[in-house]
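Input: a single structure, listed below in structure tokens.
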Amino acid sequence: AAATATQSHAQAADGDPNILNLPAHSKGLGQPVAARPYGLPSEFEKNLQRRESPGLTRVGQASVSFCPLQGLFGIITPSGLHFERHHQGWWDIDPSKHRLMVNGSDDSMLKRPMVFSMDELMRLPNVSRMHFIECGANTGMEWGNSAVPTVQYTHGMLSCSEFTGVPLRTLLDLCGVDFKRAKFILAEGADGSSMTRTIPISLIMSGEVLVAYGQNGEMLRPENGYPLRLIVPGVQGVSWVKYLRRIEVGDMPYATKDESIHYVDLQPSGLHRQYTSIQEVKSVITSPSGGQVLLDKGFHTITGLAWSGRGKIKRVDVSTDGGRNWKPARLEGPVLAKCLTRFNADFVWDGKPAIFQSRAVDETGQIQPNYHELRKVRASRSIYHNNAIQSWQLEENGEVKNVQV
Amino acid sequence: QQADPAKAQRSALAGIGRTATPAEVKAWDIDVRPDFKGLPKGQGSVRQGEVIWEAQCASCHGSFGESSAVFTPIAGGTTAADVKSGRVDGLMPGANQPQRTTMMKMSTLSTLWDYINRAMPWTSPKSLTANEVYAVTAYILNLGNVLPEDFTLSDSNIREVQGRLPNRNGMTTAHAMWPGRELGGTDRPDVQGSACMTNCGGEAVVKSFLPDYARNAHGNLAEQSRNIGPTRGADTTRAALA
Amino acid sequence: AAATATQSHAQAADGDPNILNLPAHSKGLGQPVAARPYGLPSEFEKNLQRRESPGLTRVGQASVSFCPLQGLFGIITPSGLHFERHHQGWWDIDPSKHRLMVNGSDDSMLKRPMVFSMDELMRLPNVSRMHFIECGANTGMEWGNSAVPTVQYTHGMLSCSEFTGVPLRTLLDLCGVDFKRAKFILAEGADGSSMTRTIPISLIMSGEVLVAYGQNGEMLRPENGYPLRLIVPGVQGVSWVKYLRRIEVGDMPYATKDESIHYVDLQPSGLHRQYTSIQEVKSVITSPSGGQVLLDKGFHTITGLAWSGRGKIKRVDVSTDGGRNWKPARLEGPVLAKCLTRFNADFVWDGKPAIFQSRAVDETGQIQPNYHELRKVRASRSIYHNNAIQSWQLEENGEVKNVQV
Amino acid sequence: QQADPAKAQRSALAGIGRTATPAEVKAWDIDVRPDFKGLPKGQGSVRQGEVIWEAQCASCHGSFGESSAVFTPIAGGTTAADVKSGRVDGLMPGANQPQRTTMMKMSTLSTLWDYINRAMPWTSPKSLTANEVYAVTAYILNLGNVLPEDFTLSDSNIREVQGRLPNRNGMTTAHAMWPGRELGGTDRPDVQGSACMTNCGGEAVVKSFLPDYARNAHGNLAEQSRNIGPTRGADTTRAALA
């Protein structure tokens, strides 16, 4: 590590050859505009990819690829690195043939069932909002003990984008939904799994739930549901139904496969909590984090992400001694509801071991728990909704490791 | 005129979208609810189901639903006592069940019918007839010792069978994680952290960490981190530096 | 147009074959996760590319490619579609060899000149902020008359990203700059043109000017200055020096080629205004816009972007009758200083001709001028800093055209 | 201790970055300011410049700096009268100059020297010696009738030559678009729009539009707009629909 740490140091008496000998790009002509009509990252950035966690799943089409949080900045996730979770594989659907149907579980739920084309949906009044999406199973492998080495695998089922779409409420209004009878909707996808999830009408009435086509300025990516996806801010990713083809308005929850057999949280009582949906207040330090090696002693920036499915982040504290003492971190703007918030804190490394932790508080006053506080109530078999404080241990050799205290 | 903004908007937006035809709704409205609304009429026996299972399902899920080749096992881990109580003992703390199978968790039978009907077999979803779904559902229930071998499952007896599911009483909505009040949950989250800022708790002792032999289990981490910045990815093909 | 407009209409008595005959993706297995470790847009989105304006420039390495604003949503520009402006071509620079030098025009300006590697810069305290970047020459072709057909060519030297980097002020502090003497800095790039621009120290003291490496969550793209770029919020793009290699602290402006021969605004007096830098309050309707054809009468969403180099957007008004009557548009959140703001407004098309305009007001009270107001003061030979109200004429056949009224 | 936060931070950040060596500063500090600070000693004649120009510049800029093959012409549009007044008449309204050349706009000679030195020749920037830059700068000034053919430009006479630039008095900083107060500009923007909301101005009459023959000049716009949504790109390979 010491060798690379001195990268900028004058390597000869005179100075650094990278300065003294002008590089080719200072003495030549580069490439023309639009050489790449759609650009890509630098060749030197290839290490940051979405990756599967070896052994986690058995088939690639019913699996997850994790977002490389260890290398990301700010709050917007580059769409090319957005995490993926498919149940029956992803498709690149012809949008001119895609339809959205809204119907009732019976005739009393709405005046008329309707069909919309993409052309029509994109004419309707729309909004643009920044929100995080987190899989309910994010950090699920860590309920019992430290299991995976890096923040990509511990927390990488997390991404954040600016979404553009039509409030679902508008579509329900157009169908003349009887809001006295209707209590739930079922959202259904068009892929093989035809993913189905129940959402309460009350949440839709708030205008927050979107039928979205836009993500980070362009159309949704195929892996994220092109051309249409449900956006359910604050709620776990499985409810953000991709390739959205149908909304059914009804008066009871649907207990679909991913509401009864999965995404249910096993409690110490032996009961499963059903319809656990909100992603509670959570944060993680993304760098320095597991699997990284600090190059040098001295000043470092501790950086990470905080979020809550209940609203805005109010504060984040950071500890470098495993949770004994805490200092407030700086929050970068904008701080938005149900959106990632980037935090930063100073750290001067004296070469001794340290344990980094971050702890978020949201605007409802909920404080992110440590593993002790979380397991006291829920034990460790929930699989889903692990929002415990993450610990990264810095060793004397500069290596950072995933630990639990 | 401001009295009903929804109505005002409806008229401004008139002409966008159209009424769905009955045939269209029929083609797409395939969901089956816990109260079995949406369930098509039909029937299928355990024996018919076995034939379909062997031909179209067993390759992935195993002849007895025991395989974990593509997913957690479908059957296993439930007992006759569970069928009576409606609570699966294997889910209790310390029960030491190696896996939580579909049969152990499933509390609503509609779920199984609906899911097979919409998504299985995996490579050709929505290819089964309603009767075939009844049959294969019956077979899975037989594998789970919920139905006898000579049973024929149908839209008229499915409610009774629901009453035999091993984990039918295994769910609760008494929590604060549903984003509404429809399910009778609670308002107050069950877990709350601490706002302590100094001298909190005892010494920080590491209780869990990754074993050295797993160091390279996720591939070489040196190749998974940016090559500039204040850190590098650890070269996990080698032992950690002293 | 009529034919495509009825896309969602039931095409047979029974209904739409796209609904009645389940598509392949509802009946099959899709692709696995991480099939694309770094994802790309859908195959159906190829029409949106950055493009050169034919005839505008003579060589691709001293040229511009325009951002396809006509198809974008929200405020974040997908990095792959970010506009490009190169003076001597772009490079993909090895970041391990890249250095930043800070020196003084003479010894009295600072205690010591310094050199930083990327490793070091990325350790320093950093911030993440969303800002627009607009070339000073954006809309330059339209000073005299309508010249190009679409918003990509009229306004496409405009993009907006979340940037992450170190406040330049921190680096000047580290060098011990004497802020009583120092009044300006010169920023210099490492490419062939080694672009140089003068920035006042007063702006740097505000903490706004960043030495940035991050853009939209990942590293800057090569076309946008990888690995290091100066961010000068509110100021024209040419000052956002790419491939940043050097900062010189001095006591007078530098009158570089792009401060004396270009990026000077010719006034009716025959004098050139020099050091015009701030991008003043401006807006444009991005859809419906020139070169588009409306498919149908009835409701449409008018959508566009507003921005000001002086701070936040306070309001945007929209006219559909060429500026006689105006209605306030809805602003989408977040509304941030020196950042794009997305606005939306309703429009019900009765089939008659219309002229769409948008007019932005910023928090300092500056109101975007129309061409009459702008030319009364500056005539039409400025080339740079055309922030006039844009008009799009909707014809009876549904086609929208670039006009000036 | 809070008295000097900059100092406090300096010490926390100690060890990040290092002092630049004199050789390093020399290698990169190439800028030349309007007061000629930064200008290396040296000299070059118009005639030497002509040789370099023909060999290394004329292919792109033309023998007389007249070419617009790669960029606007470098010379042209200035007169002996301009050299006297320091204001280029060709920039006045109605002057009817076809192009605004480099020579017409340039108000500081440092700019030309600095730019050639850092960026030209285009495909091999920073390859000229200081003397060569003097020479070619002299040649360009000769093309612009600023210097006679037998002139030798050097670090000792360059200030005088500055006093002959045709547009040396052609710049103003009296505007509100500099983000500071260092240049003696104004605080109030020169242009302000109108807040009028109803019945503003006269009828909206279209005064400028694209001619029909240019319809397809930017390629087929049907291929430059998304193929879904409320609009399509116009097919500009055909005449507009009636």
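Order as written gives the chain letters A, B, C and D; numbering starts at 1 within each chain.
The rule is short, and it goes like this: a contact is a pair of C-beta atoms (placed from the backbone, for glycine too) under 8 Å apart; a residue touches a chain by one contact, two chains touch by 3 or more.
Note that the coordinates shown come from a computational prediction; the quantities given were computed from them, not determined experimentally.
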Per the touch definition, the chains contacting both chain A and chain B are C
Distance in whole angstrom between the CA centres of chain B and chain C is 45
Whole-angstrom distance, CA centroid of chain A to CA centroid of chain C, is 27
Cα centroid separation, chain B vs chain D, in Å, comes to 65
The positions of chain B in contact with two or more other chains are 13, 16-18, 20, 24, 28, 122, 125-126, 226-230
Multi-partner residues in chain C (2 or more other chains touched) are 4, 8, 10, 16, 19, 26-29, 44-45, 48-49, 51, 59, 71, 88, 95-96, 101, 115-116, 119-120, 123-125, 192, 194, 219, 227, 245, 295-296, 298-301, 346
Among line, ring, star, complete and other, the chain touch graph is other
Each pair of chains that touches is included here, namely A-B, A-C, A-D, B-C, C-D
Seen from chain C, its contact residues with chain B in the complex are 8-10, 14-16, 19-20, 22, 26-29, 95-96, 118-119, 122-123, 219, 227, 296-299, 346, 348
The answer for chain B against chain A in the complex is residues 6, 9-10, 13, 16-20, 24-25, 28-31, 33-35, 37-38, 68-71, 87-89, 91-93, 100, 102, 105-108, 110-112, 114-115, 118-119, 122, 125-126, 170-183, 189-201, 203-210, 214-215, 217-219, 221, 223-234, 236, 240-242
In the complex, chain C touches chain A at residues 4-5, 7-8, 10, 16, 18-19, 23, 25-45, 48-52, 59-61, 63-65, 71-82, 84-86, 88-99, 101, 115-117, 119-120, 123-130, 162-164, 190-192, 194, 213-214, 216-219, 221-223, 226-227, 243, 245, 295-296, 298-301, 303, 332-334, 336, 342, 344, 346
Interface with chain C, chain B side, in the complex: residues 12-18, 20-21, 23-24, 27-28, 122-127, 226-230
